[in-house]
Amino acid sequence: MSANMVALAYLVASVFFILALKGLSSPESARRGNLFGMVGMAIAVATTLTLTENWVLILGCIAVGGVIGAIVAKRVQMTAMPELVAFMHSLVGLAAVFIAVSAVNNPVSFGLPEILPMGSKLELFLGTFIGAMTWSGSVIAFLKLSGRMSGTPVVFSGQHMLNLLLAIIMIGLGLWFFFSETTNWTAFIAMTAIAFLLGFLIIIPIGGADMPVVISMLNSYSGWAAAGIGFSIGNPMLIIAGSLVGSSGAILSYIMCKAMNRPFLSVILGGFGSDGGAASSDDGTQKTYRSGSADDAAFMLGNSDSVIIVPGYGLAVARAQHAIKELAEMLHEKGVNVRFAIHPVAGRMPGHMNVLLAEAEIPYEQVLEMDEINSDFSDTDVVLVLGANDVVNPAAYVKGSPIYGMPILDAQKARTVMVVKRSMAVGYAGLDNELFYMDKTMMIFGDAKKVVENMLKAL
Amino acid sequence: MIGEIDPFIINLTIFVLAIFVGYHVVWNVTPALHTPLMSVTNAISSIIIVGAMLAAGPAETDWGVWLGAAAVTLAAVNVFGGFLVSQRMLEMFKKKDKKGNT
Amino acid sequence: MSANMVALAYLVASVFFILALKGLSSPESARRGNLFGMVGMAIAVATTLTLTENWVLILGCIAVGGVIGAIVAKRVQMTAMPELVAFMHSLVGLAAVFIAVSAVNNPVSFGLPEILPMGSKLELFLGTFIGAMTWSGSVIAFLKLSGRMSGTPVVFSGQHMLNLLLAIIMIGLGLWFFFSETTNWTAFIAMTAIAFLLGFLIIIPIGGADMPVVISMLNSYSGWAAAGIGFSIGNPMLIIAGSLVGSSGAILSYIMCKAMNRPFLSVILGGFGSDGGAASSDDGTQKTYRSGSADDAAFMLGNSDSVIIVPGYGLAVARAQHAIKELAEMLHEKGVNVRFAIHPVAGRMPGHMNVLLAEAEIPYEQVLEMDEINSDFSDTDVVLVLGANDVVNPAAYVKGSPIYGMPILDAQKARTVMVVKRSMAVGYAGLDNELFYMDKTMMIFGDAKKVVENMLKAL
Amino acid sequence: MIGEIDPFIINLTIFVLAIFVGYHVVWNVTPALHTPLMSVTNAISSIIIVGAMLAAGPAETDWGVWLGAAAVTLAAVNVFGGFLVSQRMLEMFKKKDKKGNT
């Protein structure tokens, strides 16, 4: 294909990527949007194929990768979405490093001059660095999110000094690489190794629960990195697709931080979100709470007129989405008005609860966003808090609290509150929750799925 | 005029416009679909497969080509995995739609 | 300045233009948006100045034009906005023609080759054609909108044949122009003359009231023309600014046609919207209506609890916005709940009523869009329809009516309806209005401003 | 790559992106401001003043330059008239805002 035809095909692919994201503006058009994304990718790959000579090798690799990808996509549990995104993300990071190394090895195949110009060297350096960090970061995020590694932040003294030192060494190696007339492999490889290490060191102090912000941020970075490669090889499609991904990751990080009411920097500098290690109710007095059984709760639910269910991270952990669907249906048949209230950052990803409830096929009109339902809590008989904690913590109204100002679901305004969780342990933010000690609150201890199943039996 | 100016500035123009497009398009995504958005953009970010294919492209196969081939494989996992899992997820949102008021 | 610096400055100007339109998303940021537009234009002009040699001449021309523009902008009545836009629009059209002619005369000053390539010839031809049509069309639109020319469509037999013939001649001249090796002035000038004539002939059959759609469409065309010039001289700023204007005009035309429930093509082919010439209630029976005086109306308004005022084109014609503001205030002081209901195409431009009510400083929260207020009509004591007609015509609910399906304000649901207009004449769509003949309707004949002033006296 | 491809395709890329931007930006304009939108875009359409200035630019003043000068004047009326009348209009929306509940 002529360069012009290639450029035109890439433009068409770019338009498809834009249409893919546009499609996500409503659930009706979303599947079509995803299809557009596939078409765009197919065009991009097919077009690039005409520029290469090793068709068999490349198609073989695509087939192998494709089969693995398809199997993973088919098998994965919906509750494991955060891990999956982290896992896939690490692949993009590693691929980026491989590409950069291979470009240093043979610039001509990318349309770059034989002797790399300084600008390209800088771009390749950035590409390697971001790719390596993405890889280390995503791997750790994956391990922490899937419970294969403790979510506790790994903090040691001199941490920031060590990072700074490594960064300085890396930049020094980079300068050596820039100013070497021939390709300086020693410098480049040392640089890459330090980048991997640094990526690792920068991510470990960040608590497991903060990983979604990290993933989103790394996603954004990888977008910018793709755009950067687009700049250096003069490929507008990479610039456009990269910018789309970059904006998306940045906006999602922003939304998450905003909804948690925490500055982005404090998330990234880490040391927060330790796995409930620090118990916080240290005001001396022993506070009392009331606990009940699933049977008691089922009885009360059955006799109420209106119920709002607030799902949280515990729903995902316990995989209780199908059980709760049944409960909602059963209550509905008894004439109870059942609705679900979704907090924007309930769970561990934006929109996490929506996906789980969609999986359980809970009807659309029963699932309401925070703004739509918050004023209805005061008119509600029973709020059933299911594995949620921070998103219903009234401490958000208390000046000086770490989550002060974070918008919450006003469960405390309902006539009766039921909280299903395994213990009195704290949630993501590590804060005690006054809601659990209110007179009208009943705690029901146990795994969310088991408790809901017991309720079903009792009803 | 466009002939005389540095390609960098043209790329910059495209970049700036693409950011505006991305900004608007992403803010228009409904919050309920933020998780699918993450997985779709994750799939799109595997557009770097284009770079991997170029690396694996040359006929004389040295180690750089093999590295490129490895990159193609990794990116392909992401392409297929990303789009297919998004489809699975979005399929659920469809089912819910149909049911209407149960 | 180097070509790169120029390109960079143009990019900055483009961003300012985008931010200008973004600013209009809310009234708070709108003035800042307009300011961004000015800054963008200033950057574009200053940058271009460095590419020219006749600084004094150009700055002089800008000064002269600027003073005229400033005076016009200061003096114009808010009610005359549609005319003003048409007037200014004609200037852009004429300027485009001048530029094209001058480019044919001296291509080198535009960075084009001495002997024009075919592509540039085509673009210049299109530029001249669209420019000339924009000029003729806007001049007629201006004359019709400002009442200097009758709004009646000028229709004669063989009209479409004549247009076709002229178009064929023009294309023939165009071909002659393309294939002449040197610059063929005869062909070019004849072509331009026919383009002016054709523009004129195409616009005259369109009724005066359809002019806003025409203006918006021509605005859109002029945007695309600017983008086209951008293509031929390789200037991304012109492409970007042109696309913004082009999209905006297209979307506004779409909104207008949608809200009138008429296909775009039927608007553009003309012959509709004759100035109320065709009386339509031809079903034989003489329908009766009830008319009252301003005093009667004032008495009823003063004694009601809730009033919704529906302003329409008549408000603009009568310049009654300040009077109605006073009336609303007076009723408000008497404890009446007064609100304004704005139909999206009330008046002759989208948002026409909003500008007039804003001029009269009617508070924001009293001015409601159709969707916000339509359900409140049935709970309202009195609806005061002020110079509106089609936007409250219940014929929109009658299958087979020309406006069937157009969304309307449900004035007919109120307990009492008062209609202020000068006669029983029809409105823009030329349709009789059942609302005027309902038992609960009182017609108050007279100029809207006079009637409202009389009401004020009576209160 | 960008060096080898026809400027037309690059311009086309910019054009396509600009249309997406325009589409989103214009749909985000609140209906109450549609008349100011018309007048602001009318003002922006006088960006063709750039073309007029190039026409009026050359040092040897033939009739083409005078025509260019005339075009500059016409476009300048539009630039100033358009932006100033928009400002006047938008100023009114401000006043109303401040007053609040009269």
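Letters are used for the chains, namely A, B, C and D, taken in the order the chains are written, and counting of residues starts over at 1 for each.
Simple rule for what comes next: contacts are C-beta pairs under 8 Å (C-beta built on N, C-alpha and C of every residue); 3 or more make two chains touch, one makes a residue touch a chain.
In this text the structure is predicted, and so the values were computed from the model without any measurement.
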Greatest Cα-centroid separation from chain C: which chain?
A
Whole-angstrom distance, CA centroid of chain A to CA centroid of chain D, is 41
Averaged-CA centre spacing for the pair chain C and chain A, given as whole angstrom:
47
Distance from the mean Cα position of chain D to that of chain B, given in whole angstrom
34
Residue numbers of chain A (touch at least two other chains):
18, 233-236, 240
Flagged in chain B as touching 2+ other chains are 2-3, 7, 10-11, 13-14, 17-18, 20-21, 25, 28
Pairwise, which chains touch?
A-B, A-D, B-C, B-D, C-D
In the complex, chain B touches chain C at residues 1-6, 9-10, 12-13, 16-17, 20
The answer for chain D against chain B in the complex is residues 2-3, 7, 10-11, 13-14, 17-18, 20-21, 24-25, 28
Inside the complex, what are the residues of chain A that reach chain B?
17-18, 20-22, 24-28, 30-31, 33-34, 37-38, 40-41, 44-45, 48-49, 51-54, 57-58, 61-70, 72-74, 76, 78, 81, 84-85, 88-89, 91-92, 94-96, 98-99, 101-103, 105-106, 108-110, 215-216, 219, 222-223, 225-227, 229-231, 233-249, 251-252, 255, 329, 332, 342, 344, 349-352, 354-355, 358-359, 361-365, 367, 369
Quick one: which bits of chain A touch chain D in the complex? Just the residue numbers, please.
3-4, 6-8, 11, 14-15, 18, 111, 233-236, 240
Could you please specify the touching residues of chain D with respect to chain C in the complex?
7-8, 11, 14-15, 18-19, 21-23, 25-59, 61-65, 67-97, 99-102
